[in-house]
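Here's a structure for you.
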């Protein structure tokens, strides 16, 4: 399979959590982050986050960074989650001014993406949802969500809008929670340029099999637009290094990406709380490459035969031989 | 709200698990099960399970039982899960003969339902899915599933077909896993008589808020056709007595049933491993009735105001006053 | 039961997460936080956090705040989690200098607690554990942990040291993970002044029944020293308002606190991301009070009889009558 | 590492669940099960289950089977879970006659084990616990549990008694829930011949890292007596083929078994609902052997260095190179 590797820019930097709010390492400037990305040879694209990286003032500067390092814009992730003003939601916020703001910011980011040579924005409306029972009019708020999506998808039909689902965090319950929910929401817009971003770890959190999510998006309208890679222990979005926990799920995921002809970006989305961000991304990319090579090396038809037979002892034996060879 | 209470017939009997395969109590005959149901005054309907209760030979006998006790048929749940032959699936089985069998049995159960005065079958294709990674062609098998559903929904458009979703068990992963997935599958049939059964506990297992699932089905085509009630500890389908764990979730669920104008059956679906089945169902029904009364007693507009404000300390205070009064 | 209500000082303020690192609301000064606490009449104690609230320079100032508002020091929670330097652990860090630092800081906080009129420190070694497989020598690091605990518990035997367990976050796996693990670790110190803090939500995260955890600590050495109250949706430490999700678990918890003669503090530990912190704490305290009153109002022997019979339909009926009365 | 492979006899047969109570395949006789085991060359021991396989009448017959196939008795698992009479518990049952029965049966199984050349019984008190809140006097019932364990461990000090923990199923909450709880309970008996059985899948269900559980049992009294192998998707005891989901966790587990000098049995405990039991066990054993070989092939000190450094990008890179080689 052809593979295009990218990374969310902040991933090579430092990060915070609710206990160490000032960060687990010293922060980097945007220039430094670009420079760090350039040390990973396979990476040819970056994803930028609204507000954090992209403002209405710095698009030219960002263009300079991209050109200096020969990087493409993989996507912009508009900021619907990173400021106090979004605390009660963005597209589905109870306050209509906030909803308008969410739409306006998205349009700005669409324009910025085009200016930076991109054709994709990946929306992660992480603040849209609720924390408490009896806190939301689930129908009305979802209607608002749909209206907002419709408006941003209609803004520039040549730019693809990918919806990144996640069952929870930062809210205890997200509206855009699963792959199937994302398909429903994409269909609701009636627009062809609305698709889905699978974040591998979010799929695990939703008790999805990530490979099955790829298949689902293929089946229902060929809607897989973008991929975020990481790993976790299933219960939470730990955002760990690719392949560090789920060897077989990751392998099956890459197999289905190939099988369904996915040709978008494979983008790192890790949170290196205690690691050097650059080292963690480098390994994440090396891992993706190793999975791609492994998938490509499997003789045609062998996996196909397993899927068709469904005999689990044979499947397990096949994977055992594939993965567990003694060190020579 | 108007409330019609029913029970899955086997719920007043005994049940088994994988360790005590012979049952945690002595079995009851079908006659005895009907007689036991008749001791619960609020119950006016029963659900019957294919093979377990309904065969091609005993429809008349069942009709007699229904008439003797003045019970209505709430639904038939065709058997797509209870025999060795379904072990690798029903509508989505790799074996085309099994798939045909699943369709044929469903049609028989539709006919039986009509003969017994019913207009609803509730499908729980629990064996459709997979256990192992690399075990299934997720697209092909989902296509088969959709074809089967289309065929059974087209058989008698006057009979409603409700899809009961559940994320896992007996397979480690079910195809019909969540409310959103059920909507997608219902839409795929293109038929108006295909809707959804919410099993309260299955929704919890899927990390859904059951009340939100009611709203979701209202929003996307008014597809809530049937309700199964029970409770659990979120991680597994424990099938416990209604209201025994999730007080607030259950309250919110009944509130949204009322709010969306649900007028179908409220049917007990519990597994009384260590309880007397009749006592457990009696309490389950009493609990449903208590929730209905509580919802009906709340002054109009009070909950509405909470949903609109979304202020959680006020919501929590309201619920505290509603639920926690010292014993007089 | 007698009940002493306290609150972790920062709970009436604002808080951050990994996306909104600057906080979901404007920050408050320590003076302001104390003033805010004083508006909740039932609260007679506060818990202070090392570094965040207590430094080697401000103990006198804190004493002034306590005196001004007539508040007692419920405990100090030493800082083993809130600075970059703890990122790889505190008592169990691989770096011996960090381990020494963890011990030294704890001793300082013990001294500060005594100076502020307290006799309890509650340790939450949240950074002790690991994120990745193959990342830790589980025996050696646990040995270090035990040595550190031994040293701090021996420092002033008149001060109680409570261990607050939590299965994960901020690490994917914590060493001090469950109630049983805490007992093992307390026993390992050989000291009588080492006990346990139950955080209600952490117990839920560990799939413990919080009431059972109270019983367990009673049985194994009467080790329940302190209580942190909040609520969540079981899978994560959502730190929500007390009683907002788990009505029955919270009730049973207070029943067992009474039954086992717990006479320590009942302390709020909530994270009001989107709420006003003062309003959220006020409601949390009102909720604790409502549970205490409800438990106290239950006629003696009624619950006892349920526990002895174990008949779940009767238990469910009892709770239904206790909790679900229509609004008058 | 030296490795002794065994299997629970029923694993090569068929099994049931709560829906297909009659079994997913035709049952086998005990003779047939032994014969089937003999087809797996690496297997030199079997585990037998009380009632299912061992009665007071058939010990000689079992001896004949063992001798015929040159198999050793790895352990007997007394029946504390498989009959209606245990439905409310065994050692912790509210009914004192049932508690006496649990002790008496265990002693009989100890005698049978000795007669069959064994020196280990593995207790899985799966029915001891509770389903509902407010259903149990947690202190009294745990005291009964401890008394029963004390009695059976004192019966024949030359026979080892291993406690197999599991957080839930068949009860919603088990008393013997985690590795740490098992250590507490073993300590409570004051007996040296009480240790622990780690079931790999149960450890995953408890959000333990299985390798860490091995280390924990080493640290607290060298109490790892027995191992049951299988795999699952973390949330439930799916009892799948060894290594079919958790490649890295399984590898780390075998590494720590070697590191701590474990020299007991490695016993298959799978539930082949839809597989041929013999084929599934054969693959499970082949997988264990592959993990043992892989661990043995790793140059001494390499893993040690990773554990000491704790640097996750290096760890991930090491594992990537170990596991992901393109097919040649």
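Going by the order they are written in, the chains are A, B, C and D; count residues from 1 in each one.
Convention: contacts are C-beta pairs under 8 Å (C-beta built on N, C-alpha and C of every residue); 3 or more make two chains touch, one makes a residue touch a chain.
Chain by chain, the UniProt names read as follows: A, B, C, D = Xylose isomerase.
Quantities reported herein were computed from a predicted structural model and do not represent experimental measurements.
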From the C-alpha centres, identify the chain that is farthest from chain C. B
As a quick test, compute the distance in whole Å between the mean CA positions of chain A and chain B. 35
Centre to centre, by mean C-alpha position, how many angstrom separate chain A and chain D? 39
Which chain C residues reach two or more other chains? 88, 131-133, 168, 173, 207, 233, 235, 240-241, 244-245, 248, 274, 312, 315-316, 319
Work through the pairs of chains, note which ones touch, and then classify the graph as line, ring, star, complete or other. complete
Name, in rising order, each residue of chain B that touches chain C in their complex. 207, 233-235, 240-241, 243-245, 247-248, 274-276, 279-280, 282-283, 286-287, 290-291, 293-294, 296-299, 311-313, 315-317, 319-320, 322-328
Per the touch rule, the chain A residues reaching chain C in their complex are 15-25, 81-84, 86-88, 126, 131-133, 168-170, 172-173, 232-233, 235-236, 238, 240-241, 244-245, 271, 273-274
The chain D residues in contact with chain C across the complex are 88, 94, 130-139, 142-143, 167-168, 173, 177-178, 180-181, 183-184, 206-207, 209, 211-212, 215-216, 218-220, 248-249, 252, 255-256, 303, 306-308, 310, 312, 315-316, 318-319
